[in-house]
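Scrolling down, you'll hit the structures one after another.
Consider the two complexes below, in which chain A is the common component and chain B and chain C are the respective partners.
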Partner chain A sequence: MSGTTGSLAANYGVETDAVVSLNDIKVHYPVKEGVLQRVAGQVRAVDGVDLTIPKGKTLGLVGESGCGKTTLGRVIAGLVSPTSGDIWMDLTVEQQRDVQRLRNQNEKDFSEQDRQLWKQLTTGNRLGSMSREKQREYRRNCQVVFQDAFSSLNPRQLVRDIVGRPLRVHQEASGEDLNRKVIELLERVGLGAEHMLRYPHQFSGGQRQRISIARALALNPAFVILDEPTSALDVSVQAQILNLLVELQADMGLTYLFITHDLGVVQHMSDNIAVMYLGQIVEYGPTDQVFDNPLHPYSKILRDSNPSLEGKRSDRDWELSGTVPNPIEPPHGCRLHPRCPVAAAGCGWSVDDVLNSAEEKTPIIFETITTVERRDDFNAEVKFRDAEAAKSFATQVKSSVANLALDRPPELKGESVKLSFNEVPDASIQQIQDGRWTSCTRTQELGALPGFEKDKG
Partner chain B sequence: MSENWLLKVQDLSVHFHSPRGVVHAVDNVSFEIKPGETLALVGETGCGKSVTARSILRLVPEPPGEYASGKILLSQDQDQSIEILSAPIKAVRAIRGERISMIFQDPGKALNPALTIGRQLAEVFGEHRMDMILENAGIEPDKASRADKMIAQQRASFLQIRLFSLLRSKKGKALQKSIDDAVARALADTGIPNPRKIMKSYPHELSGGMKQRVMIAQALACDPDLLIADEPTTALDVTIQARILELIQEMQKRRGMAVLYITHDLSLVREFADRVAVMYAGRIVETGPAVDVLASPQHPYTQGLLGAIPHRRTPRGQLAAIPGSVPQLVSPPAQCHFASRCKWAAEACKSVVPLLNSTETSRKVACLRFDTAEKLSVDIGDMPARAEMGEVAAE
Partner chain C sequence: MSSVSKQNKKSQQEKSRTTALSVKWARRREVALEVLRNPLTVIGLVIIFLFLMMAAFAPLLVEPNQPDPYQSPRDWSNIDAAPGVAGHILGTDSTGGDVLYGIIWGSRLSLQLSLTVVLFTLIFGTIVGSIAAMRGGKLDNLLMRIVDVFLSIPELIFALAIAAVLGPDFSNIILALAAVFWVKYARIIRGEIIRVKQADYVAAAKVVGDSQWNIYRKDVLPNAATPLIVQATLDMGNVVLIGATLSFIGLAQAGLTEWGALVSNGQSGLLAGEWWVSTFAGLAIVLWALAFNLVGDGLRDVLDPKTEGR
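Moving on to the complex of A and B:
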């Protein structure tokens, strides 16, 4: 194992300048209940994401619906403010190292020099604390193309107004000059002057997406967030748009954050890829390597379930069981473990996991539970209506993987079962090979995906 | 009947009347489905694949829709067949759900949000399986009184007027249990872990994958001979998509039914279909065994469609996109609809409608490159370059 351990600040790709760096970003939405709107819990849409987007490259962000990828994109665009965490813009390699170093220190312990540096960094590069001027510059520099080109274009505005709006807001052009610039932009995305005085409904899906792209490019940004730009389009049109995006990137030196659920598209388009699951990034690395040799069970399952046009149908020996857990109370340890095919003792089993699996697999036993007295998430006493149910519950626990994680075997006392699990810290993403990051604790231990150790040599 | 087929669509044309003119949504489409076979109908948005599928169950609203021509034959016992488009509506209703059933694209929209899953599925049994319900409740179907049937019907129906059932609560309870058992069995069949709990929940409480399983359970409740799956996994995530398709395949094997997949995703076709029919602008342009068509597409459109799929081996930015966009289908001219986007297009393509020609056994292509000038009686100079039979798309 060649990893750096313990460092929370996963700082991917530190060898290049970054357009945007994220530090421990969290977005929690309160769940309110009752007449008094009491806060009953937090939906952890994004929960502790560190990410660096290297300049001039395409970073693919993949995950299933509800994993928080769109929220993360909106945070980066400044459309959603994070509950906690820092967003840094335009950091050079040295600055990234400084930020990393200073973040791990207590602010009181800073030397005078460090204090100066920190002040300089926060006022100059941190979103939220930088000057209004800088903030405006960031907004100009970072543009978004949204998924649905039908709802993201104002139906009552002409194409000229839609594409020219950013230029007007930032007082770049007006009058004849504006028209000239709009035509230039339209031509750049494969449309023409004749489209300038039409309404969005007069265009097909692909053309609308081109208008969206033209609008995003109006202010000459350095960084474009593409939030599922082609998922509403047909394959043949999708190919046109993807080709256009690549061409524009080469011409204008753009950086892309490509958010998608389509693995084929992401594989084609991106240099690096970050896989998200339940609000966290579980794997990060160069696209080809992640696809050839995934280092997280979730990435492997995602890859294998993607239907392909060639080769033999990939053997889906691994499958996710059950459904996506509740993001209000995500599982402890590694978030995938209750569904993971290779979960082991150290993956973070807790009382909730056992109860959830009982609910799913043996609802009859689950319904006989009267009370659950829990000391904490890892220790609890489950009481049943009758001794028989308690007994079968205990045998069920013993036969599952969770049994290995128990501190001592489940204590069966009449109608109650006492469970006490070993406490496991939350999994953190760590580098285990050059440029390859994974949050799978078993992979971190073995240096390769469980069951694939030998292939690595 | 010499050939063994389950469903035969012959020269089907469906038109829609709109203020701008008549839209030729489906134009002379013919195909057949054999028992137990999986046929995939592939095409892009607006190519008429969903309208074709809905026509099979006669679900296209008239007006504005109109079945302009053609026949849809469903084979029945003793070499008989029924023509769906001209049959009385009562006969069609007997076919729907019983012999042909359908899964829709978005399970969230296809299920009634105001009813529990149990009630929605009960309706199917009340409509189609009354005898079975009565029998399981200990009433002989032949001897059941009208009142018994009525109670069963109402127990199954979502309206649940309890007037009769109150008077005969014992029988009512037995019938309710019989219905619940049938529903639970249907749900358990599709791999839903705890059907009794699911039955009590409303659609919004379930995940997308689970809703689609409920849809499948509902569609398969009466053991249909043909299942039409209209983009069954488009609204689902990839990990769930694979499981749902495998479920359909497994059910198909177990029950020996035929499946008609409607999809835009060619990569699914390869894994899950025996034969494929590619549609473009209301017409079928190519048919054949899925493996062969995907390995060596013959129609320029199929070739373009395959080239447009992003792949890691294609250099970035060089996807073979098809230029232009799909033509308008309002009073379309009599020509090859693909001519405006085709790189081989010649004069003849703009004046002749290409028909499906056999190129190899079991493969057909509608392209003038596989036709001869003599047969079409056009000038030989106007014909597009001839294609080699069985040519592998090198481009």
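Moving on to the complex of A and C:
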């Protein structure tokens, strides 16, 4: 398995048993327009994520706000139902391999044995098709600690009722037994019996987050999703909460999915790390290795943008240009390429990229565009109000990286410019070293992160 | 030994149970005290209390008229008597009916009107609005379009139309007002629930696996209800005013002692200088409405989430 490029359906961390495995999860929200509520497009919040969460470890999920990491967490927690894709619970290594193998086959071509196996897997481990009891068991086993401890506790309930609620719902305890268990849980997170009969507004932010953690632990779950649990807290309190989480993990053998935008925290907490950009996972690997030697330009930029106390920053030149692309129509090829400092010809340039960059950099020229006749996303004829604008547009294209991706130079004909790009398939995440996965097509070719030449266009 | 400790434990448990209850009551008392700290609210509460007492003990205050206590006794020898004349403290109307008797016995009907209408609309509006907000989708759309239809007709004209169709009867006025008022509550609670549903504590309850009904009961409704309560106190007055308008126009049973009807009867005498009938009955309506407005204002200040939990 090591050293080879992965199959189309990636599954990282297949070496260990998994509490949750995701296959090609997509969450698309329709964008409706006008009086008739016509669907004008889809916001691709999560767009094809494969992810395995190894048992007993911490997986860090990082990315900037709006990249879909919280949505992905909510999918796993069962709060958002995915548009497509499968969620599996509690798969052994063997079962994960079987799932991978069978997913890549057509169901009609299954052998009798495989058919039995598939049936067994889907009814036993797949969310949505497994039995109600199993589903309930999964819900018990998978708990969440939310980001905002102020809005995640009902202001009109006593701490006893908040923390004891999971026990009540699952009929684990009632009356005095419940009180006893609640006190136990509160003590476990560093609070005490005296806090039981108070309302959430009587606590500080850190204490509220402790209450939130106590609630998540009430049912003795195997897996806890931590959705930015410390980003709303002071730095000193952050450290306390993080240490508490580490302690609890050691005591109870918990598996964490740690969702955050804070790389310092994730480095401290997680064994493995998945970096997300625009609804997709762009890099996956052991935390130390990803930090020492990132294999995706985006991971490297994220790492370097984290300010350090020493004040030193390596490679100041690695920076993202422009703004986050529209998730309704994400870029072709690698989704990062319009902003990537090391983007090359094969990264998936298309007509939209050139137009977007013109709009951003030279709005005066952009405004003289009269029509864009596109044959497809890669071929189009852009018409301008006058020949002068067309000319400067063509020059601009020629001087950009996108020029390298044109299969012939831009055709300047009076007031119009014809563009024809080489069509590039969408980037997929592949394993390029043992346990290291990246979706950067250049890294995949070179086997290492491409170098950055400062004087490049 | 162990039985002793068990006993001990039991008494301790007993204690913690009672403390949990008392904490809830303590909080309620806190809110109540906060309300009472506002003198205007206290005035409102006192007025409401006095009105209710007046309605409850009407037979002790004034001898009921026979056979129908809801018809003023006629003193045909003192028609349109000014206040103070011949034992009529607040005067008489054009049929010799005692105004004070009308106001005291009329309070029974008027207060009954406002309490019934508000209670019914509050419950019905909450049910419809909650179903719309909790279910969402097409049902929400359908219910809200129905609400829109109701809202698009002016309150008074709609109530008038319904009362006119049903015929002049007191219970029909209640029905007409209820039909008009519930939509407001449905709108308010729907908006509030949609807001509250976004909160993380609702998501947390879902993750825990609680049922939708429990989430509604424990998380959604308690956090969405404040504006409803405030609206209800304000409507207590509104209902009497609109009810009065309906009986003023003559949609109540003839001769019924009801505040609105009294104002209506007195208006013909106003130009002739017989001001007392409309004025005193009108004053009663204004006081009742004002009292609830004062209480509503006070409640809003205390229940406002921004000032809550200091």
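As a working rule, the second predicted complex is superposed on the first by the 443 of 457 C-alpha atoms of A that agree within 3 Å, B and C clash if a C-alpha of one lies under 4 Å from a C-alpha of the other, contacts with A are read in each partner's own complex, and residues count from 1 in each chain.
Please note the rule applied: a residue touches a chain if its C-beta (ideal position, glycine included) is under 8 Å from a C-beta of that chain, and two chains touch if they have at least 3 such contacts.
Remember, predicted model here, so these are calculated numbers, not experimental data.
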Next item on the list: Look at where chain B and chain C land on chain A after superposing the complexes, then choose clash or fit.
Entry: fit
Next item on the list: Considering only touches as defined above, state whether A:81 meets chain B (first), chain C (second), both or neither.
Entry: neither
Margin query: Looking at A:120 after the superposition, I want to know if it touches chain B, chain C, both of them or none. Which is it: first, second, both, neither?
Written below: neither
Note to self: For A:220 in the superposed arrangement: first (chain B), second (chain C), both or neither?
What the structure shows: neither
Note to self: Just to be sure I read the superposition right, which of the two partners does A:148 touch: chain B = first, chain C = second, or both, or neither?
What the structure shows: second
Next item on the list: For the superposed three-chain arrangement, provide the angle chain B-chain A-chain C between C-alpha centres, rounded in steps of 10 degrees.
Entry: 70
Next item on the list: Once the structures are superposed on A, label A:136 by its partner contacts, choosing first (chain B), second (chain C), both or neither.
Entry: second
Notebook entry, point to check: So, A:158: does it touch chain B (first), chain C (second), both, or neither?
Noted result: second
Margin query: Quick check for you: in the superposed arrangement, does A:104 touch first (chain B), second (chain C), both or neither?
Written below: neither
Check: Nearest CA pair across chain B and chain C in the overlay: distance in Å?
Finding: 10
Note to self: If I apply the document's touch criterion, which positions on chain A are contacted by chain B in one structure and by chain C in the other?
What the structure shows: none
Next item on the list: Note which residues of chain A are touching chain B in the complex, please.
Entry: 64-65, 204-207, 234-240, 242-243, 246-247, 250, 261, 263-265, 267-269, 287-288, 291, 301-302, 305-309, 313, 316, 319-320, 323-324, 359-361, 363
Note to self: Residue numbers of chain B touching chain A in their complex, please.
What the structure shows: 44-45, 193-194, 196-197, 207-210, 237-239, 241-243, 264-268, 270-271, 294, 304-312, 314, 316-323, 325-326
Item checked: Touching residues on chain A, where the partner in the complex is chain C -> 74, 77-79, 136, 139-140, 142-144, 146-148, 151-158, 160, 165-166, 169-170, 175-176, 179, 196-199, 201, 212, 215, 219
Item checked: Parts of chain C lying in touch with chain A, wherever the complex brings them together -> 13, 16-17, 19-20, 23-24, 27, 199-201, 203-211, 214, 218-219, 222-223, 305, 308-309
